[in-house]
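Take a look at the following structure, please.
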Amino acid sequence: MIYIRAVEEAIAERYAEQEMRCPMHLSIGQEAPAAAAGLCLRDTDYAVSTHRGHAHYLARGGDLKAMIAELYGKVTGCARGRGGSMHLVDSSVGFMGTTAIVGNSIPVGLGLAKAIQLDGSDAVACVFVGDAAVETGSFYETANFAATARLPLLFVCENNLYSVYTPMAPRQPAGRSIHEMAAAIGLRTWHGDGNDAEECMDVIGEAVSSIRSGGGPCLVELTTYRWREHCGPNYDNDLGYRTVQEFESWRDRDPIAVLERRLGDDTMTRTQLAAYRAWVAERVAEAFAAAKDAPFPPPGEAYTDEYADHLGQTR
Amino acid sequence: MIYIRAVEEAIAERYAEQEMRCPMHLSIGQEAPAAAAGLCLRDTDYAVSTHRGHAHYLARGGDLKAMIAELYGKVTGCARGRGGSMHLVDSSVGFMGTTAIVGNSIPVGLGLAKAIQLDGSDAVACVFVGDAAVETGSFYETANFAATARLPLLFVCENNLYSVYTPMAPRQPAGRSIHEMAAAIGLRTWHGDGNDAEECMDVIGEAVSSIRSGGGPCLVELTTYRWREHCGPNYDNDLGYRTVQEFESWRDRDPIAVLERRLGDDTMTRTQLAAYRAWVAERVAEAFAAAKDAPFPPPGEAYTDEYADHLGQTR
Amino acid sequence: MTQMTFGAAINDAMHVAMAADPKVLAFGLGICDPKAIFGTTAGLKEAFGKERVFDMPVSENALTGMAVGAAIGGYKPVMVHQRLDFSLVSMDQIVNSAAKWFYMFGGRTPISMVIRMIVGRGWGQGPTHSQALHAWFAHVPGLKVVLPSSPDDAKGLLLESIFDPNPVIFLEHRWLHNTLGEVPEGDHRVPLGKAATVMEGADVTLVGTSLMTAEARQAGRVLAAHGISCEVIDLRTVRPIDWAQIEASVAKTGRLVALDIAQPTASVAAEIVAGVTERCFSRLKAAPVRICLPDHAVPTSQALTAGFYPSAVDIVNAVAAMMAAKVPTDELVDDRPRDVPGDWFRGPF
Amino acid sequence: MTQMTFGAAINDAMHVAMAADPKVLAFGLGICDPKAIFGTTAGLKEAFGKERVFDMPVSENALTGMAVGAAIGGYKPVMVHQRLDFSLVSMDQIVNSAAKWFYMFGGRTPISMVIRMIVGRGWGQGPTHSQALHAWFAHVPGLKVVLPSSPDDAKGLLLESIFDPNPVIFLEHRWLHNTLGEVPEGDHRVPLGKAATVMEGADVTLVGTSLMTAEARQAGRVLAAHGISCEVIDLRTVRPIDWAQIEASVAKTGRLVALDIAQPTASVAAEIVAGVTERCFSRLKAAPVRICLPDHAVPTSQALTAGFYPSAVDIVNAVAAMMAAKVPTDELVDDRPRDVPGDWFRGPF
């Protein structure tokens, strides 16, 4: 979480420089589910995510330099500059991509689960979704088929209460919970406090073991909160779509602070945390420096790769 | 039911003449839900249906002659020959159309429910669906929004156990019932024996009153069985996708026979039924005769009506 | 007449329509949020109530069908997508329901509805936030497809679309939202199916829509200064297409450059070239030319989009080549970043 | 070589592909039912098991995305729709995922998948069971779009499509399924992106695909008997288009008739006319002509479809007009019903 937070705060700080020229959806404040899932999954598992995918990519061990370079539109980016913030990929750790259409990557996760089933391995395909992605027909069709075919599919649903600036009320029936509905569709479900990293670990961990042992598809709903604006680096409580009190009550439950409090503040922990923070800061600085230094893709790269060739790509 | 059965058996008998030149999905054996819904709804309510829509159209009082003419491709057809069997419409009784893409008419029903809500009336928008239509994202998105906005929408789900020749197993999770899942999405639900017309009346009637009194959207699941092939006039038990025993056990529970048994066989009832049957036979004969006699649309009608004009149509 | 932006003109049209007819509805993702679809839906909910103006779940397919049903029920819904790309989930309802309903049920039930779709560009919108699929819609009988290029047209065409008894796909280019122009007050209408000759000329006919009309005007001015006279036709609607106006122009000029904001293959520009060739073959003095996006998905990096989008420079060059003339383009080259619509834009969306 | 139907050739290709590579999957609504997608998937489940060959819920959008995911996971899925129209619910996955994945993630992850779509016609298929939207797919960078016209090509192109590392949209015309032809045995391949000159000639170039190639051959024979020599080019793939072959032919003939099984506006036929005009303007002796469906939705009644679909007669008439010749078409006129592909068809689907 510290790592993810540091990366995203660095992005937020530098966004106004107008060098990262793409829409940017930060997970600051809601890192716990990503961090927990990152630890519960293995590099042989698959994961896909959404427009808000930095945290998932980083938590799964996606290459930091390649991500920052991607934000800067550089050829060293994980998508060679073709994708930007919403298209992160690092297949070396099974992180197969994030996409920018709500609901779009869900069926892709279904296909990865089908591939795992065919492979006969005990891997898991994890699909990160928001609370609004659950409203798409794509979510439902995927959940239905995964349940029918008992595919090793895990939904990690980060319910941050909003879809852009729209709260739940106009979007989902009052009093209905996502995980209960998902259970009725046929998924095994859990829910938990998305600002409590340990709880996230527990419930995601249980879901992952259930899937690995052939228990079929699961959904874990974790309630949490995004601190910054939906898209962009700033705070947006001035817009009036949510109250400052609401924001503050969540900020007071900062998932990093919650966990640190639990770790206690003996010297040993403090020293270790400080050292980790320093190490992270260095990695982040390095990644930004490298991204800024890196070359842009040659303009001609806009016009290549319409098709893969028969030889397979070897980049 | 007697009426619907008589019409559809007449279609089946004459289909081999190759004069009704369009795909044809008959409801023979599964008429009860249609008949019951037809009685529970009023002409001020709206209804839409699917590829298998004859029964719903007729039960709602749709014009018989216009339907048969439509099957024959005649200009006197309810869609002037442009639509065929899968596109029945009679707006004079609120039957707003059937469409040929599974799931497609569901959101249209949602819009009719929204129109009713805006009108401020106590009408109901009824959407007939099969058990497979429930698998579409379109069903789910519609149910979710109807529940959220508490729209006066009624799903009548005829669960006839098959989607074309495919049973439930590859389509929906084992042991999950449609009505239970629908309830979890946010609909008020009922289920019943779809071959028992009185039970159908009871449950659909309850749902309709609930909606009229502002109770929000409902789904009624009625389990039933199609006797003939998915598309076409014949029996198809020879294909082997379902067993003859299964078919026979359902045929033995013919919804018409079930109801007639309950009516008793005193002379009075028998006379009345015979008279009704004779009346129906006459109407059917008339409708076929009129359809056969009616002119085809002039070829030029293929090339008109791309657009409605500002004056409004007055056909 | 009032000076206002294209976005404000859209907003004005919505207010006029909803005040004029209580059957007009407005909905879409974010329509009542503080950003109000780039301001275009501002004040609607306050003025017309939450029954007629409402936000929605991310369920674009069902809600598009809802528009069809509401239209059958006598309403005139105006749905909006912040990016055209989001409408891809709703093609069944657009094509199988909205476009066909009137025809396939015998010409009795008009489907009066509008789907506004905003086309993105630049600032890393990338492959799935910048598609302009008007060619798809133009291919489908039963739809009308509108692409305004000025604030005046934006208002007039939107009002006409809302009150047209047919399903209208209304494409707004994001880069036009902040452009300024004079806009008539009140219930200002611009008819559908009529192109506009926005610049008269004798040598070459430039046919475009949306943002390309602005580029064409710029190019036309430069070319005029070098003795080449361009007629610029803004199609306004790409289904139906106003062939009479195009034909008359090409009959006069004998030369055609078709401009598009989309990829070329089976595009509206292809249609223009094909339709003109079929109709005016004997009048053509030179091979017609298309200026479209490259036939690739749109990349994200500013380094990749810098040369991706055709501009006035490309038009000048194409026309000069066609006329076997030399026209410098220096005055058109500016050093502002090519991935933002103007200085007002600071990201992120 | 074996004599077999187009449908049997598809089935053969599926068997060959699945036997050759355990990564090939097959799924779709009804794929394992007794009708086996008009016989084209017969025996697959028995031969390759229910893990690789499976039926599905009516959830075409998610299952299309599943194909993309399975492709990322190393498989080669072949999905099938009994009617192209059903794929409209899955456009997001086709366009935003399948078509773009390889490009937008930096050219590292090939998406090897095929979506077979059957185009309906006649017997009251009507407005939503007979659409041919290859123009849409041809408009989208990243897709390959194939329309075979003979059993030989059906097999060879399908095998090539399955083993192509890109998403391929494969359109089969329902009326071709029962046509007969010689088909090579085994792993027979026909390359994508190469057109076929199926009849050589000097006066007019006819460019078509799918069912229109058959009509063009018939027309070509009649015209030849009257001294007009047609070159018939079967495009085979409409993205990419084999311009070299078309150009060479038009350079020779100077005349073009573009044939399509779809409506004209922004169609592949429009692209052919536009592309040829741009490339071969100075060689053209006459205005190119398109022969397409009328620009209307397809009606149901046999009375309305009788004259709806263009045929060899229309081609003969168009070519005769272009050559200022008179060619009788009596021998082409038969009195069989125009809404069935042949006597074997008795309805209902």
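The letters A, B, C and D name the chains in turn, as written, and every chain counts its residues from 1.
Going forward, a residue touches a chain if its C-beta (ideal position, glycine included) is under 8 Å from a C-beta of that chain, and two chains touch if they have at least 3 such contacts.
This structure is a prediction, so every number in the text was calculated from the model and none was measured.
Shared contact partners of subunit A and subunit B, listed by label: C, D. Relative to subunit C, the chain whose mean Cα position lies farthest away is B.
Subunit B and subunit C have Cα centroids separated by 41 Å.
Once the centre of each chain is set as its mean CA position, subunit A and subunit C turn out to be 35 Å apart. Averaging Cα coordinates per chain places subunit C and subunit D 31 Å apart. Under the contact definition stated at the top, the residues of subunit A that touch 2 or more other chains are 77, 79, 81-83, 87, 99, 101, 103-104, 135-138, 141, 144, 148-149, 170-172, 306. With touch defined as above, residues shared between interfaces to two or more other chains in subunit C number as follows: 54, 56-57, 59, 61-62, 85, 88-89, 92, 96, 103-104, 126-128, 141-142, 295-297, 299-300.
A complete topology is adopted by the chain contact network, contact being made between every pair of chains. Subunit A makes touch with subunit C in their complex at residues 15-16, 18, 21-24, 73-74, 77, 79, 81-87, 99-104, 132-133, 135-138, 163-166, 170-172, 231-233, 239-241, 296-297, 299, 301-303, 306.
Residues of subunit A touching subunit B in their complex: 135-138, 140-141, 144, 147-149, 169-174, 176, 180-181, 183-186.
Chain contact summary for the complex, subunit A toward subunit D: residues 46, 48, 77-83, 87, 89, 91, 96-97, 99, 101, 103-104, 106-119, 125, 137-138, 141-142, 144-145, 148-149, 304-310, 312-313, 315.
Of all residues in subunit C, those touching subunit A in their complex are 29-30, 33-35, 54-59, 61-62, 85-86, 88-89, 123-129, 294-297, 299-308, 337, 339, 346-349. Interface residues of subunit D, counted against subunit C in their complex, comprise 61, 85, 88-89, 91-92, 95-96, 99-100, 103-104, 126-128, 131, 133, 135-136, 138-142, 239, 241, 262-263, 265-271, 273-275, 277-279, 281-282, 284, 286-290, 295-297, 299-300.
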